[in-house]
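Below is the structure I would like to discuss, written out as structure tokens.
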């Protein structure tokens, strides 16, 4: 009897899309205004979805306070009010597209959760553009 | 050619999280303010998702008026403007966590639907905390 | 040059509508299921709107961190995960309708803000029912 | 390492539900006010979800500008500000229920996408009624 | 001590923008695709805002059940699942722009409310286009 | 008979809050993480509200296509995918707080609108923090 528990969080960050091995022209051709040199930014919305069996004593799959604190410590503190390209080490060699960010977040959280729990992460870059990763 | 039809509904209810076999201290330690003795409450939002093949005469998987009435009769009338702990028999011996509520709702609706239809239920306790059950 | 700054907050609470000087029959006649004896509840959403001139050094009307902390200390701590009828002293002799709650919240916050700032409070009981008070 | 990229779009259209081989009485019995003879309409919201592997050079599954333009050219231009029954050829012989519309949209987009990409489409007829098709 | 009570409602309708005294060319020039001959449609969202003093016995400005029923009887039954141009008499000689619709709705509701209550109506044609009228 | 027409738009931008005449310490003390040196960013949502009388020939206060194009030309093209501190001349000597941004936007749009139209602008920095300016 498996139930999925979803928790929403958010962080506000700056980024730009840029392949360092490409010329400026190529970056603008591929990424358009997302490659704007002085960065732009987003209110990223995050949905962390954890699937597991219900603990009969607590009626919970996972204590939401623990999940909330985990997201705060491992994601929000690292990403909120940061420049993803300059301040967040995961993007030293990775373009901070929504796709790459959601994989990074999944990898971070996966290590923190018991192996019997399944994990899915959805990341909204804007209300109209979002991505999902399940490992 | 299977399509999923989703219908949103809602009910407003009071509850508290409390394992009756535990001391007050243990309940507060585990459930925190969710165990507050005089109850608190939520605007629960419900998404009922039914998957099946499209009837060629009607172009529908299931008549939405029938699904809407079913949710009203079996869920909203039972749960809306109620105290889940005191007024709803399903939670006599079950802690009304979102996880347990979504399983109860799924069980109720499953009995009412033809066996060739698949069912998933998502329950929002708040816009930031929600759960999904697929049986 | 006056600008209005809006800050959203929320609290989850139980309540029931009941005029203590009336019979049960009269209460049910007037308040319907909102008078259900064992309480029901809501995810209340709050918008606190403060109007004033922009401080030229900070570019702000009011520091949002200060406003956020004020709402937390004076409103969320008092109302969140509470039974408004039983746990919140303001409603000892006042029916906790959305109208009465919004006036209580406005009165609490008004005392905490400089007199040169104007205040408006909007309270959502549900996404479809909400109230506004400006003093 | 597969990621799903979601893009939201919308179109505003009129329609009515009517099986041409049925009497007016039968249509009203089955479809109710949705069969109202002079049409009614909706703000349709569309979520197009494309799953594939991340291109290491771009950090993308699919260029969102290309996906956005594809949805505009193939869906929005065909459906927006139209009468689905009278103006859109796909519904000459198909009742424009949400179920049938989502299958038509999926079929159109499927032809335009590389075969190594998976496709899911969700269509909101209203915020409370929506459908999903994955082929 | 005046409080404003807001109630949300909705209706789904077809319409087209067309000045009958103009040529087709002029209508298309002015109204563009909104003048598309076979109609298009919207999920109209309505916010009815009533301002008055709080009744000390009930804690209410106006009974929301009465307001909800009034909106249903006078607005939703008249406008929902209708073609505004063809089925709704108010638009025999009036172009059903959002501006004209909101004034019509305000006029209908104004007659039904006590004169000591103030009225404002907001009408969403889409989430991005909306209008407000206060008389 | 005055009606207000509202149009929503959005832009994604990077910024930081920083008074250039202050020390880093003072900036961090006053602006906290909003002063983070490498910028962060937001999905800004804009509501432009124009009040005027309804033109009897068109049923409109202002042609929404014209208003939409005006917002695109004067605001979105200037602000979208930009660094407000570095790329937008208005903030050479002005801290890009939400308060200052909304006044700048209002000033730009005010010049473009006929003097018989009234203007209000609301700017959402996040769904929970927003500001309104009416001149």
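Note that the chains are named A, B, C, D, E and F in the order they appear, and that numbering of residues resets to 1 at the start of each chain.
Please note the rule applied: contacts are C-beta pairs under 8 Å (C-beta built on N, C-alpha and C of every residue); 3 or more make two chains touch, one makes a residue touch a chain.
Note that the structure is a prediction, hence the values are computed from the model and not measured.
In summary, the chains found to touch both chain B and chain E are C, D. Among the other chains, A has the CA centre that is most remote from the centre of chain E.
Chain centre most remote from that of chain D: C (centre = mean of CA atoms).
Computed from the mean C-alpha positions, the centre of chain D lies at a distance of 28 Å from the centre of chain E. For the pair chain A and chain C, the distance between C-alpha centroids works out to 34 Å. The geometric centre of chain C is 41 Å away from that of chain D, both derived from CA atoms.
Of all residues in chain B, those touching 2 or more other chains are 127, listed in ascending order. Chain pairs that touch one another are A-B, A-D, A-F, B-C, B-D, C-E, C-F, D-E, E-F. Across the complex, chain E is touched by residues 1-9, 49, 54, 57-61, 63-65 of chain F. By the touch rule above, chain E contacts chain F in their complex via residues 17, 19, 30-32, 94-100, 102-103, 127-133.
Those residues of chain B that touch chain C in the shared complex are 10, 12-15, 33-34, 36, 38-43, 80-83, 86-87, 126-127.
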